[in-house]
Amino acid sequence: MSEHPTRPHHDDEHHIVSPFIYLTIVAILLVLTATTVAASYVEMGVFNPIIALAIAAVKMMLVVLFFMHVKYSPKLTKLTVGAGLFTFLVLVGMTLADYFTRAWGRW
Amino acid sequence: MSHISPVIWQFLVKWMTNFALFPPEASKIAPQMDALYFFMVLVSLVGLTIVILLITSFSILYSKKRHPVAVQIEGSTLLEATWTIIPLGLFLVMFVWGALLYFRIYTPPANAMNIYVVGKQWMWKAEHPGGQHEINALHVPTGRPIQLTIISQDVFHSFSIPAFRVKREAIPGRYTSVWFEATTPGTYHLFCTQYCGTDHSHMIGEVVVLTPEGYKKWLEGSTSGASLAQNGERLFASLSCTACHNTRPDARGPSLANVYGSKLTLSNGQQVTADDAYLREAILNPSQHITQGYAPIMPTYQGQISEEGVIDLVEYIKNLDSDYRVQQTTASTTLLPEGEGKTTQTPATQGAVKQ
Amino acid sequence: MSDAATIVSLPDQSTARIPKVNFLSKENGLLSWLLTGDHKRIAILYLISITFFFFIGGALAGLIRLELLTPQSDLVATDTYNKLFSMHGLIMVFFFLVPSVPATIGNFCIPMMVGAKDLALPKINLLSWYLYVAAGIMMIYTMSAGGVDTGWTFTTPLSTHYVNTHVITTGLAVFIAGFSSIFTGLNFIVTIHKMRAPGMTWFRLPLFVWSNYAASILMVLGTPVLAITLVLIVLERTVGIGVFDPAKGGDPLLFQHLFWFYSHPAVYIMILPGMGVISEVVSTFSRKRVFGYTAVAFSSVAIAVFGFFVWAHHMFIMGISNYAVLIFSLLTMLVAVPSAIKIFNWTFTLYKGSITFETPMLYAFGFMGLFTIGGMTGVFLGASGTDIHLTETYFIVAHFHFVMVGGMLMAFLSGVHFWWPKMTGRMYPEKISQLAAVVTFIGFNLTFFPQFILGTLGMPRRYASYPPEFQILNVFSTAGASVLGVGYLLPVLYLTWSLKYGAIAGNNPWQATGLEWQVQSPPLTENFPEIPIVDHEAYDYEWLERQKENEVASVG
Amino acid sequence: MGQQNDATNFAMWLFLLTEIMFFGGLFTAYLIYRNWYYPAFVEASHQLQIGWGTANTAVLITSSFTMAMGVWSAEMRRKGTLVLCLVLTFILGLVFLGIKSIEYSEKWEKHHVPGFHYSVQSFVNPASDPEVYKEYHDKPLAMDMASKTEMYFFLYFAMTGMHALHMIIGISILGYMIFRAQAGAYTTGHVTFVENFGLYWHFVDIIWIYLFPLLYLVSRHQ
C-alpha cells in the first residue's frame, strides 16, 4: 500500500490522503458555511443567490476532490463525476430554458 | 347480419367511396401542411426504396451461392460522409420548413376573431364573443381568421380539427391559442386527442364551416341575449371591481380602459404585454401582476369565478376602450360592439396616471 | 434456400453430445436457480419472465384490436378499454421492452463477449431480477385488483386527481422496475469498463457491447428522474403534495418535462440494444466485418448523448416556449442522423459479402425495413409543423410501434434465434422458424401500416370508439394483428420443442466470430476455462478460418 | 482482488450518478417555483430557524470529516480509530436527524406541514407570528401569494425528507459497519466497503450543502 506510492500500470493504487488535509478541508468548509450565512444577510440583489450557489459549489468541489478522493482518482472517476454534473445541468438547464423563454412570448 | 358476404360487400363499397389518404383540406393552412407532409412522404419513400433496393440487390448478387467468399472491407469515409450529410441536409430542410409552419399556425393575426373554448371532462364548450354558446360543436365562417383561446377546467385535453390541420392542448390554469382560416363550407370532425379519462373517445364534436352570411344567420339564431362582454360587465359590477378599477382620481386600482394589448410595467419592474393570458392571471393571481404605482391590495378571485366567468371578464376588459364605459358600467345595459376589427394598439396611460 | 446456401455447420448428429458440464447442468434444483449469481442463468430467468409479460401485454393488445373492429365501444366499456391500453403500454414498455434485449441477451452475452467470467457484480445482477419480479408481481396485483387507466404516460392532473384506479401501486411497480433497470445498466457499464479480457480494447469490442453500453448510460442517468417523478405523483395522491397541481400553483407541464426526460431516452434504451443485435447478425450472415465499425460504434454513443437533449418534442403542442420548440426540434433532427448512418452501414455490410438467409438474418432484414419507416416517420413528428397535425393520433401509434415492435421486437427475436443454440445447445427447426419470421413481417405491416393512414386522417389515439369512416382501416389492422399473433406464438412452440428434440448445435453453428461462439454450447458456468487473450479485431472472419485450420491441423 | 475493488468503487460512483439525477428532478422543480413565487419563498424560508440549519450543516460537514478519517484509519489498519470514527459519524448522523425532527415538529405545531391542515396565517398576517416577525418584519402577503408558501413547504419537505431518508439508510448501514469493524473486518486490507460507504455519506453531505442555502438562505436580509 503506502510502500508503493504510485505504480503507473495499476491506476487503482490508493493514494492515502493525510489527516492533516482532511482537517484543513473541514476547517475551510466550516468557514465557508459561516460565510454563506453571513452573505445572506447582506443585500446584494441578484448576487445573493449567485454567491450562495457559488459557495455551495466550492464546498461541493472540496468534498468531491478531497473527501471523496477524486483528486487522486483515475480519469474514469473524474469522467463519471463530470458526466453526472453534465446530465444534471442538462435536466435543470434545458427545463429552465423553456420556462424562462416562455416569458419572452411570441415574436 | 347472418350472411358474411353482404358485410364484406358493404365494406368494399364503403372503402371505395370513402377511401382517402389525408383528410379534406378545409383551411388556409391545410395545403401548406400537406405540402410539407407530402415532401416528407416523398423523401421517406425515396429513402426506403434505396434501402430496399440495396438490400435486395446485394442479397441477390452476394448470396453465398453466387459469391462464396466474402471480401473484407473496412468501410469508406466518403460513403459515411455521404449518408451523414445528405440525411442531415434533408432533415434540416424539414426542420426549417416545419418551424415556419409551426409559427404560422400558432401566431394569430391581429385581426382574428376570438372564440373561447373551454374543455372539461368530457365536452367542449365554445363561446362566441356575441354570447353564443355551443357544446361539442363549433360554428365558424369562411374567409376570416379565427383565433381560439383554449383552456381546460380539469385535466389536459387537446382540441383537434384534422381538416384544418390544427391542434392545441387545453391545459388547466393557462390559456393556449391557435388560429385558422376556414376555406370550404362543410361539417368536419372535432376531436379531443389528449387522453382525458373514461369518456375520452366521446369528447368529439363537429366543426361547421358556414359562409359569412350563413354564420351571421346562425349567430342571430343562437344568441343567448347577452354578449360575453355584457356578461362580463355584469360580473364586473357584481364582484365590485368598480370599487377600485374606476376612473376617479383617487382610485385604488388602475383604470382598465384600453389596457388590453398595451405594455405594462409591473411593480417588480417587469415589462409585460396585457394579453388574454395576462388578464386571466391578473384576476386569479393578482399579487404577481401589480401595475407599478399601485398597492397590492387586490384579493384573489381563484375559486370564486368559473372559467366561463373569467372569460366573460377578460372579454369585457378587452372591449373597454374608454373611461366613459367604465363610469357607465354599473348602470350599463347597452350592447357593446362585437369584438371584430377592434384596434386597441394605442398604449394605455396606466401607471403614469397615478402617482 | 437450399442447404448449399447456408452456413449452418452442425456437428455430426449421431455422435454429437451436449457437453456434460455446462451452466445448465452444473447444479440442479429450483434453489440453485433462485440463488444463482451466474449471468447466464439470470438471463434465462429474465427471458422466461419477460416472455410471460410479453404475452400478457400481447393479450391486452389483442383485446384492444378486437374492440376497435367496430366503431362503437361494444366489446368492452370505455373505461375497460382505457385500462386495456394503459396496462398494455405499461407492461410492454416497462416489463418487456426496457429489459428485453439488455437483461436477456445482454446479460447472457456481454460477459462472454468481453472475455469475462461473469458480470462485475453478480449479486446486484440477481437483485435486479428480483426487483423486476417484485415489480411484476405488483403489476399483476394491480391488474387483478382492477387495473389502472392513466395511460402509460401518467399525465397529470388526470393521474393525480381525476382517476380512482390503482395509480399508486402502478407507480410503485414502475419505480421498482426502474431500479431493476438501473442496476442492470450499472452492471454493464462496470463490466465493460473493468472486466475486459487482456487485449480486448474498446475498438475490438463487438458492436452489441457498444450499443448496450450506450443504452446503459441512458438507464443509469435517465431512470432516476422517472423515479422521482413517480414519487412526486404518489405523494400527490397520498398526502396532497402539489408540485404538479395547477390548483395549488404547480405546473402540470413540469411533470411532462420530468417524465419525458426519462421516457424519451427510454426509447433509445429500448432500441439501442436491438441495433446491437442487428450488427452482430448482419455481420455473421454476410460473413463480413460490419461496414464502418467505428461509425456504427460512435453513432450508438451519439444517440445516447443526443437522446438527452430532445425530450420536449413530446410537448410541442402543449404550450412550451417557441424558443424551446425550435431548439428541441433542431436537436431531434440531429438525433435522427445516427440512426440513418446505422441503416446504411448495415446495408453496405452486405456489399460483397457471402450472404445466407437463416432465421436471424430474415428478422434482421425485417428490422432494417421497418426501422427505416419507423425512423423516417419520427422525423415527421420531430418537425414542429407537421407534429401539430400528426401528434396524438394513430400516426404516432404507428410510428412507435414501427420502431418498438417492428424494430425492437424484430431485433429481439433475431437475437433469440441467433443465440438460442448458444443458450441451450440445440437448434430449432429452420424452415418453420423462417416461416415465423415471414409471417411476423407480413402481419406486422398489415397491422400497423393502415394506422399511418388513420393517423393522417386524424383518428385520435386511445379512442374506444371512433367515427365509422375509419372502420375499414381498423379492420385491416385487426386482421393483421391476428396474423401477428400467430407469428409470435410460433417461436414459443418450436423453441420449447427444440429444448428436448432440437438438433445438437455444437460450439459455433453460425461460424460467428464473437468470443461467446468460441466456447462450448451451452457454456461452462465460468464461461472460459481460462481467460482468453484477444489478439484480433471484432468480426475477423479470416482469424476464424485460421482458427479452424489450426484445430483441424492439431486434431489431424 | 484489485480489479474487483476497482469495479465496486466504479459501481458506487455510477450509483451516485443516479442519485444526482434523482435529486435533479426536485432541484428543477424548486428552481422553477422559486422564480415564480419568489415573495412566498422568501417569507416561508423565514420560518426556518437559521440557527438550526447552520448547526445541522456544521454537524453534517463534521460527520463527513469523521467518515473520511474512518476511511483513513481503515486504510492504515487502525481498528480502534476506525471504530471511534464510525461511532462519531453515527452519533453526528443521529444529531442531524434529531435537529431535523425538532424542526419538523415546529412546522407541525405551526400548521406548516402541507397537506395536513396547512395554514397561511403566518404569511397573511405576519404579526400573528411574533417570533419570526420581530426578526424579519415581513410584510403581509396577498392571499394568492400566501397560498404559494405551501409550494415552498412541499418542496422543503420533499427535499429534506428525501435527504433524511438517505441519512436514515446511511445510519443503519453505519450501525452494521460498527459491529463489523469491531470484529476487525475492515482493517485487514479490505477497505472497499468502508470506502464506498464513505462516498455515499459524502454524497449525502453534498446534497445538504446545496439544500441549506436553497431552503434556508433564500433571502435573510429582507
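General remarks:
Order of writing sets the chain letters: A, B, C and D. Residues in each chain are counted from 1.
FYI, a residue touches a chain if its C-beta (ideal position, glycine included) is under 8 Å from a C-beta of that chain, and two chains touch if they have at least 3 such contacts.
Note that the structure is a prediction, hence the values are computed from the model and not measured.
Between the interfaces C-D and A-C, more contacting C-beta pairs are found at C-D.
Chain C has the C-alpha centroid lying closest to the overall centroid of all protein C-alpha atoms shown. One finds 38 Å separating the Cα centroids of subunit C and subunit D.
Subunit B and subunit C have CA centres that are 37 Å apart.
Separating the centre of subunit A from that of subunit D, both taken as means of CA atoms, is a distance of 16 Å. Within subunit C, the positions touching two or more other chains are listed as 193, 221, 225, 254, 257-258, 261, 322. Across the assembly, subunit A contributes 76, 83-84, 87, 91, 95, 99, 106-107 as residues in contact with two or more other chains.
Multi-chain contact residues of subunit B (touching two or more other chains) are listed as 103, 106. Within the complex formed with subunit A, the residues of subunit D that make contact are 2-3, 5-6, 9-10, 13-14, 16-17, 20-21, 24-25, 27-28, 31-32, 35, 50, 54, 57-58, 61-62, 64-65, 67-69, 72, 75-76, 189, 191, 198-199, 202-203, 205-206, 209-210, 212-214, 217-222. Residue ranges on subunit B touching subunit D, taken from their complex, read 284-288, 296-300, 302.
On the subunit D side of its complex with subunit B, the touching residues are 36-37, 39, 141-145, 147. The residues of subunit D lying in touch with subunit C in their complex are 3-4, 6-8, 10-11, 14-15, 17-26, 28-29, 32-33, 36-37, 114-116, 147-148, 150-151, 154-155, 157-158, 162. Partner subunit B is touched in their complex by these residues of subunit C: 2, 4-7, 73, 78-79, 81-82, 149, 151, 153, 155, 157-158, 162-163, 246-247, 252-253, 286-289, 291-295, 316-319, 322, 325-326, 329-330, 333-334, 336-337, 340-341, 343-345, 347-348, 350-357, 365, 368-369, 372-373, 376-377, 379-380, 382-389, 391-393, 453, 456-458, 460-467, 469, 471-472, 475, 541-542.
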